[in-house]
Amino acid sequence: MRIGIDVGGTNTDAVLMDGQQIIASTKTPTTPNVSDGIIAALKNLVADSGVDVATLDGVMIGTTHFTNAVVERRRLQTTACIRLGLPATVCLPPMVDWPDDLREVVGGHYYMAHGGHEFDGREISAFEPAEIRQFAEDIGRRGINAIAISSVFSPVNVSFEERAAAIVREVLPDAHITLSSTIGRIGLLERENAAIMNACLRELAIKTVGGFKAALAELKITAPFYISQNDGTLMNADFATDHPVLTFASGPTNSMRGAAFLSGLKDAIVIDVGGTTTDVGVLQHGFPRVAALAVSIGGVRTNFRMPDTLSIGLGGGSLVVLDPLKVGPQSVGYEITSKALVFGGDVLTTTDIAVAGGKADVGDAAKVAHIDKALISAVEDRIEEMVNIAVDRMKTSAALVPVVVVGGGSILIQRQVSGASEIIKPGHFAVANAIGAAIAQIGGETDRIFSLAEMTREKALELAKQEASDRAVAAGADARSIEIVEVEEVPLAYLPGNATRIMVKAVGDLAAGR
Amino acid sequence: MRIIDEQAIENIALGAAVLGTGGGGDPYIGMLMARKAIRDHGPIELYTLDELNDDDLIVPAAMMGAPTVMVEKMPNGDDIVNAFQVIGKYLNKPIRAVMSIEAGGLNSVVPIYVAARLRLPMVDCDGMGRAFPEIQMVTHTIYGISSTPFSMADERGNIVIMETINNRWTETFARSIAVNMGAMAMIACYPATVEQLKEASVQGTLSFAERIGQTIRRARVQEDDPVKTVREAVGGFEVFKGKIGDVARRTEAGFAKGEATLQGIDEYAGQTLTLNFQNEHLAVRIDGEYRVTVPDLIALLDIDTGEPITTEAMRYGYRVTVIAIPCADKWRTPKGLELAGPRYFGYDVEYVPVEQRYGR
Amino acid sequence: MTLKTVTLDDIEAISLGAGILGTGGGGNPYLGSLHLREIIRRHGPARVIDPFDLPDDAVVVMAGFIGAPTASIEKIEQGEELLTALRAFEAHLGRRATAVGIAEIGGANCFNPIVLAIQAGLPVVDCDAMGRAFPELPMSVFFFEAELPVTPLALVDAAGNRVVIPTTAGAQWAERLARTLATRMGGTAGLIASQVPGKDIKTYGIHYTLSLARDLGGRVLRSGEDDIPGVIADTLQGRVIMRGKIADLERRTTRGFARGALTIEGFGSRDRLFIEFQNEFLIARLNGEVVITVPDLISIVTEDTGEPISTEVLRYGMRVAVLGIPAAQGLKTPKALAVVGPRAFGYEVDFHPLPGGIIGQRPAI
């Protein structure tokens, strides 16, 4: 049996699952120290189900805690970045594209060292141990304990980052070190940004993951626990302590994965209707399709594997404005229970239209009885159009695709969606996030440039797949269950020699006994 | 003369993405370089050619190679300054100002870095009015201006200067040197006088890119029809509205080539558009018939935001408006078409200016 | 007697001598000899200057062709590549050259500098930078002994394209960039590589190698019915390691170099000589035991006529004599061996110098 927990900004949800079965679910308010909310949710779950905690195989937690810390610029540690790449890259030092306030909060300390590789694996310049040692000593003198290390083309060759880390560790045995190659892909600034953010979250990670552990211990849960990451896969507690940044955007991922599970579909469009926005995403092989473009978090560009979701201004609280008719993007948001007509307010919202049309039964239907049939139908038309366009934009092929609707605002989706083979509104949709966490798998990824002048395309793909699989197993996946879920090839422009960038992602089930 | 500040750089970079016609490299890194140099050394001046003396020497600076590599191995900064300064030394003449060799993509903003570092002004012109994939494809070539002396430099201090018998040879040599230098090199090329550039360059392109950028930025916040606003700002024509279907890509001789199919929507429903690209968008056929080709500019704009979509980012399902922008007149001369017309890129079709098809 | 001029009568002898000093590589001097013949007919003989007659501040430019010899036998040079390269080089330097230096005496590159000298109206120095043939630019005494940079470089192709490389991050980058350009220039390019002051020519150069090539070739030509391989060995203080038949030959091309190995079976003996090559012959093992290694010269000549055999014309069944020739002293220092010793070519063996040697020494008479 597994427990999935989603620690959101407002609510902490939890589900207990036995294999494919949902035994119990609960929703409690999130608490400032996080663990109290988790304890409360777990207590509810145990009380509701009467489960013997000794029979649990694992606890999976999804959290927005670390994203929020960066967005709010709170609880971040002073961090130093060592970049290996001299004499290249000098004109754009680390953190050059950060918002000033965030750079100040983490101190903006950086060091540029020799090293780095070319796209084809040649060294840019030789690794200089003495230089790294000197930097480490300086970092020590400044009393900085969090260090990010980046090296040019480290996804092609990690050795310089590893050698630098070994030296830093000799000088500063207690330092928290983050290597850029462990958390990002090609794109130095973005990968380095992620590494620095990771480094500055390390103490918070130790505290938070420690809090999770304590909460579980209080309930005498001895099963291993895992944290879910942005690509819908899991990391174990120790790995998560080292890589908190990988939890960024795990929320939407979990909700989509939960939708996949609840509907039993591996390839589908997921529509998550909230109070203010509707997020439309694509499930491919049971995982959210990943965004191709850079994603900004708290004003910092990263190249995380974020789910590619399209957000439109349509939700249960969206304003309906007449003459000319407009639905959203303004919304009453969480104030819907006081401002919408059905709740006695004076603002016409999409929820009021749904109630007036007899599609939903919330609040006082009498308060919207006066709404004209023609208006109801016009608003429904508009909503249908908005959803149709969003779905159409996110589709990956012209073929009909099933559409799964989750989220509190799903009452708005009443009509057929064009291009949909069927529309599914599964039960338990309110805890889709926690379910997504509970069912997550272990993943591994590789992203490198191969020269097809030196090897065949088949050989390059095979190498990339092997690397991704090896990484998944190293992260705790059962080798027998490994599946390649994503292969992407991008030929490099303006360059002879057939250099091609290959990205591969492999996933597998959690290996037993870990 | 006017001053280029941080805001101007961001706008130029954004507008340059439209003029990149799907290629030219993401201007982001170039924008950061230019912005940092201006923060460190102060804003720079932008002159029109008329404000300078006829015999003033102008030299373009640029980055050559794979933009994908540039996002990982960023320049040193001294490398591009070296490449630029070595030309002045070689010609034994002072350089009056820096210019962009291409207004589309990242090379629109990269030279601003050099200008700020050396406290030199920029000139408001370029050699393309768009982006093109090869060294010889600049308006300078049409007017017989040599690409050489052509210098290349890398972050290690390697420097190469070449003088070639024609601009295609420069392309051949430079491309292989760039691969050796790590798939990327900093270059300075096409030294010319103001007098020569008055005839041979595409003028006003930096300000043009800036205006486009401003427009997109404004269109983003205001909620009217951003595509229309952008199209009007660039003086372009709507060619099609559709949804990207199949995108077939292949690599040939170092270029990312391919073909995309778009299904029409709204008033274009039932029509099919075929888009050919080779780093940049090159030719558009609707229901099998050529409608727009190089050297006219083809841009795919996101139907909701008006933002340009690069060839690399094209994916099934994007809803786009395809617009065509008239190229600089210089490209429409026989020499210009020989250099970068549809036949050069292998399309067996006569070039027809976009205004002739879509009317003014 | 050292040369004062190079006349039509010297050409055949120099060609033969340079072929032997080419140790299997360096390209065939035949085309170069035809070109020089033409130039001498038109403009008269080349002036040769004794290295020790140069002023200390003389500007000696090192000249030669870079690229694949196989390309140059098909795509014959335009003829003025080196002169154009010299002009570009001088323009970059802001100084005129005093004399032309020979970068590589072994193989085809012996003649190009002489052609250039006549075209430019300059003397050619009786000296070179290798005393044999080597595959890469930094394998020059002026780089590893005199510690002069390999740059600036000027390359010119038959079409008239000119490239100047003012400075590089070390000699290997100069080699790499020049090689890349030569490939793009159609496989071969005229190259002016570095300027050497007269003082350094006197201190570090491999002296009198032009005269040596002429003397060596001349003796072979005059030997008639004699034991020609023996005459060559005698002239260069080397020895004949083996006379026999090529019994096995294996070739492969890696990274632009013609690599391979051959086995020679001794006449009427069970001795087997195994020789490995990368453009030049580099290491010879007699019955498994290393007998000669680079930088000492391994030359293979036809057993009867003493004609040098280059790696590209090796054929199964050829009857040959293999000579071991002690290299110039300047190639045997620790600094030199780091660049041109067996380990620099990837062989995990020490250099076992052959005794004696006369390459680089003033001729007795």
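Some notes on this structure:
Which chain is which? They are A, B and C, in the order written, and residues in each are numbered from 1.
Just so we're on the same page, contacts are C-beta pairs under 8 Å (C-beta built on N, C-alpha and C of every residue); 3 or more make two chains touch, one makes a residue touch a chain.
Just so it is clear, the structure is predicted and the values come from calculations on it, not from any experiment.
Distance from the centre of chain C peaks at A, each centre being the average of the chain's Cα atoms.
Centrality annotation: B (chain centre taken as mean Cα position, compared with the mean over all protein Cα atoms). For this pair, chain B with chain C, the centres built from the Cα atoms lie 48 Å apart.
Distance from the chain A centre to the chain B centre is 35 Å, each centre being the mean of its Cα atoms.
In terms of their C-alpha centroids, the spacing between chain A and chain C amounts to 64 Å.
Shared interface positions of chain B, defined as residues touching 2 or more other chains, are 156-157, 176, 179. Residues 86, 90, 154, 156-165, 169, 172-173, 176-177, 179-180 of chain B touch chain C in their complex. The touching residues of chain B, when paired with chain A in their complex, are 23, 25, 28-29, 32-33, 36-37, 64-69, 71-78, 113, 133, 155-157, 175-176, 179, 182-183, 243, 245, 249-251, 253-256, 263, 279, 312-313, 315-319.
Within the complex formed with chain B, the residues of chain C that make contact are 88, 92, 159-169, 173, 176-177, 180-181, 183-185.
If you check the complex, the residues on chain A that touch chain B are 85-92, 96-97, 116, 118-120, 122, 124-125, 152-153, 186-190, 292-294, 389, 392-398, 449, 490-501.
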